[in-house]
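Multiple structures follow.
Common to both upcoming complexes is chain A, partnered first by chain B, then by chain C.
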Partner chain A sequence: MSLDVQNLVVAYRTLRGDVRAVDDVSFSVADGEIMGLAGESGCGKSTLGNSLVRLDRTMRCLGGRALLDGTELPLSDWDAMDDFRFKKVSLVPQYSMSALNPTRRIGKMISEVVRSRKIRYKDVLPELERRLRLVGLPTDVLAKYPIELSGGMKQRVVMVLTTLLDPSLLVADEVTSALDVSTQRAVGGMLVELRDMGIVTSTIVITHDLSVLVQVADSVVVMYAGKLVERAPTATVVDAPRHPYTKLLIASLPEVGVRYAEHVLAGIPGHPPSLLDPPKGCRFADRCPLASAECAVEPPLVELESGHFVACWKAS
Partner chain B sequence: MLNLENLSKSFRGGSFGSGAVPAVRQVSFSIAPGEVTSLIGESGSGKSTIGKMILRLLPVSSGRITFDGVDVASLEGSALKEYYRKVQGVFQDPFSSFNPVFRADRIFRMLEREYFGDLGAREWSAKLHTSLEAVGLNPADVLGKFAHELSGGQLQRLLVARALLLDIEILVADEVISMLDASTRVDVLNLLAGLKERGLGVLFITHDLSLGHYISEHTVILRRGVVLEIGETAKVFGNPQHSYTKMLLASVPRLHSHWEPLEPGEPARTGPRDAPRGRGRRARGQPLEPVPLLVEVEPGHLVAFEDGGTATAGDER
Partner chain C sequence: MRRYFARKLLTYFLTFFVAVTLDWGIPRLMPGDPIAGLLSKFQLQPSSYAVLHSSYTRAFNLGEPLWRQYLDFWRALLHGSLGTSIYAYPDPVTTVIRHAVVFTLALLLPATVLSYLAGNKVGAIAARRKLLDDTVLPFSYVLTATPYQWLALLLAFVLASVAHVFPISGGFSYSLVPTLSWAFLWSLLTHWFLPFVTLFLVGFGGWAIGMRNLIIYELDADYAHFLESLGAPRRLVRKYAYKNARLPQLTGLALSLGTIVGGAVVTEIVFNYPGIGWLVLQAINSEDFFLLQGIFLFIIVGVLLANFVVDVVYVLVDPRTRIGLQEGTR
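For the complex of A and B:
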């Protein structure tokens, strides 16, 4: 059991009160597993991913714990997390590709990052160059400025850097989202290769695009308004989803071959609730076509079949 | 009717000083009322450059754009203002179109001042509400709010609503849904498809063939500024001829199948190795490949010559 997350609660302190963006979430990711994390914008995907690395000082872990290879991650202790960050748990933050400092050459940027981790650039350079070649990048990218690289090349550079120390856990947040389809394919392929080559032990891939997860992920977690609502092997989530939210999410995808003239796809009416004061009971109730009186009580996460967890009163 | 005739655009060499960068080369197609035309290609292929030339945000280098027979480059003063009343654009990042300091509905007030100065307050308000409702927004949900209080989908709809206020005839929609999540994407796609039913012509710019296929009547496939395949969407999509079109199609992530190998022997998961930034840019010293001739392979479906032969309907199978 590589990563084991139990009853995790993560909140942002704001002037108007705590925003509980991850609320009592439990799951585990096995060695060698790539787990996808899906859901609409604002449902807490990035918060969950970031909390395992503790990159953002405004977030507070209010409860629960995370065990990595049997060791508890000190999620509420910023300084203690330093022993794990980048070495054992590593994160490619959302938008990181566009956040590269335009005035730094790639190699210089990488040397600054490793030096801040008390590692000598010279010591990692041979491995760095080997990894770049491994993912199809020429080593002269190190001498280039970010503006000289395509989006896909930048994303791969960031991923090589993030995984340089062979982390047990990689969190990749929307790494394919800003890319065109052929580059998405190359970057998605790289996630799988990092796992196949044993560079990364377990991976969490965050994206709102379920069809990308079908290409790379072994299992999928669907979040809604800070809650985990469904978790299953990828094929099960796509072919036999049980949570009404997952079903609507899948039905809203414009699949190859579907035409407006023949079949108008439906979105999901309404918006996710505010997490400042989330509704009691099932958080999806006001948008759910199946909602009824019993949904006023929060549905527990139940394992319907081995490995298939759903939080919905109507699913069993 | 908006016509692009042999449209080309070169940028000055810029930071690399490597001479002119041809971003768009001899592109011709038209955008008809009541139809969606998809412009599809990878990043750097010149899609946005074409959109910006249509909106007169960039001057053309050669060729021309005509709107109802008049060369758009010749428009000035009130004629240009009239053009913008009929031709508008919406872009990829809805957040960057709003100034965070002001309320989001400020975009309408600027329009009111520019175009509807003689309208009474009540008439203006009625017009605004009609336009918001046309894009599926509840005025009470959005008016008076700041951009950060609204979702990406709501902001994108506000921008379309602003365009609709002008009784536009042509809308340029440049990657408008790539920043949105799946459920919001469909809403905005359906909104655009609804516009054509109201008689608008839409240029839908995207890198995702399946999105173009969903809403468009015509498809233009662009690579390095050059049209490689063009025609009725059902034909280009149902019977793709150019290897580049096929590659784009094979790269679309699908819900019920895995990426297939692009060439025999290639591992299924790895994608194509991509060129450095600006695929439109040729390496210094490398000769510019000629703009290929388009050949009609079936009625309403044209394909560029490929290296080593013609792409004809029979050849590729």
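For the complex of A and C:
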């Protein structure tokens, strides 16, 4: 059991009150597992992923805990978390293109970061160079400034740097979103390779793009309005989803060979509810075609079959 | 790289040409007759007035057609001559400016550099300490929004008029003859202090606010968040933020260094400090075209030189501009 998240609640503090972007979410990621975290914008997937590494000053952990290899992560304690960051948990940010300090040579920046973590740069340099070559980068990128690299190269540098110390958990936040499709495939392939080579133990891939998850993820967690609605192996989520939201999400994906000029792509009408004052009961009820009276009570997350969890009254 | 600088130099020469032309033209748009102003200092008979007026007009070449005056101006300029001052007649303009520029530089150079250094330091610290931010920031806003002349008058009133700690006016005591003696140096220093403090304080507020805001912006930049997610200590994140925040500040410093030779007009006037700014007022009052031209020329050259230095320094300190050059994109 690599990562075990239990009843995690993360809120943003605003002037109008706490916005619970992650509300009572539990799941676990096994050793060697790549778990996809999917959902539309604002469903809390990025907040969940980020809170495991870098709980922003605007966020607050209101409850629950996260265990990594049996040790509880001190999510709310910024300084104590520093012992885990980079070494145990690492984050490939959404903004890889601008993640590197523009006025420092890349090698210099990496050496300063590594040294600030009390690790000798000399000790990691051979491995750093090996991994750069592994992802198809010449080692002289270390002597360059970020502006001299293309977007895809920067992305790879960031991925090599974040995984340099073989973290137990890697959170990849929308890493493919800013890339073109062919580079997307390559980055997805890198995530799988990092796992296959044992560099990263467990991975959480956050994306709104389900097709990326089909390529890389072993299992998928679908979130809606801060709640976990379905968790299952990737194939099950794609072929036999049980939650109405997941079904509609899958149905909104374009299919090869279908002409959408004649066949309008479905989509899901309506908007997610405000998390400042979320509706009681099932949060998807307003947009759900199957909603009925029982949905006024919040459905529990039930394991329908081994490894397939759904939070919906209509699923069982 | 060479092409870049060649193009920059061309731009600078064009700017210089246009600025000098304006510099020559603008004083001539002023109403009034400078020679009449000069002659009104003497008690003259109407007949000798007419003679003197025409001879002075000839001496200053003011009777020539304008295009001729303009060409003569360029010719003299290229020979290093700016003409004769009407205000300080018969001293040449270059001498008058040279005397004033010493006072101006001695005043503004330390005031600008020290306020830059102190403001940046304090601003950077304020950006990371809540308590300091709450105290330094409003204080700095008040300072930077204070008009120079108001602060100058306040200091002059409190420290000179009431407390008699410092002399109120002039570059040195009028009872002393400029010599290299301790008494004279001391007199210079005490006269220098109040205008210096005025300029330092107002400048300090601006630098501190600028640095504080830039650091806060940099600390919220993506690279700073990325460093944090790698567990980098705050010290490293702040070091990077400070280094990057310094770049725009550096531009500001170079630009204000360029305008230094223009003096600090209002401050120098309040303290009657014989620098370039004070000289500008004298030149305007006596409609001294030549002196005014000379001073403006000084400022033009100063600003252009400073801009050029910024261009060069930026290429040295910011890799982004340097790489832009190599790729020939600029």
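Note that the second predicted complex is superposed on the first by the 313 of 316 C-alpha atoms of A that agree within 3 Å, B and C clash if a C-alpha of one lies under 4 Å from a C-alpha of the other, contacts with A are read in each partner's own complex, and residues count from 1 in each chain.
Criterion: contacts are C-beta pairs under 8 Å (C-beta built on N, C-alpha and C of every residue); 3 or more make two chains touch, one makes a residue touch a chain.
Keep in mind that what you see is a predicted model, and the values were worked out from it rather than measured.
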Pick one for A:G152: touches chain B only (first), chain C only (second), both, or neither.
first
Which partner chains sit in contact with A:P300 here, chain B, chain C, both or neither? Use first/second/both/neither.
neither
Which partner chains sit in contact with A:G17 here, chain B, chain C, both or neither? Use first/second/both/neither.
neither
Comparing chain B and chain C in the superposed model, the one touching more of chain A is B
Please work out whether A:G198 is in contact with chain B alone, chain C alone, both, or neither, and reply first, second, both or neither.
neither
Go through chain A and flag every residue that touches chain B in one model and chain C in the other.
147-148
Sort out for me which residues of chain A touch chain B in the complex.
40-42, 136, 147-153, 177-189, 192-193, 208-212, 214-215, 238-239, 248-250, 252-260, 264-268, 271
Touching residues on chain A, where the partner in the complex is chain C:
53-54, 81-87, 90-91, 93, 95, 98-105, 112-113, 116-117, 145, 147-148, 158, 161-162
Sites on chain C touched by chain A in the complex:
221-223, 225-233, 235-236, 240, 243-244, 247, 318-320, 323
Chain B - residues contacting chain A, complex
15, 42-44, 151-152, 178, 180-187, 189-190, 193, 207-211, 213-215, 234, 247-249, 251-256, 258-259, 269-279
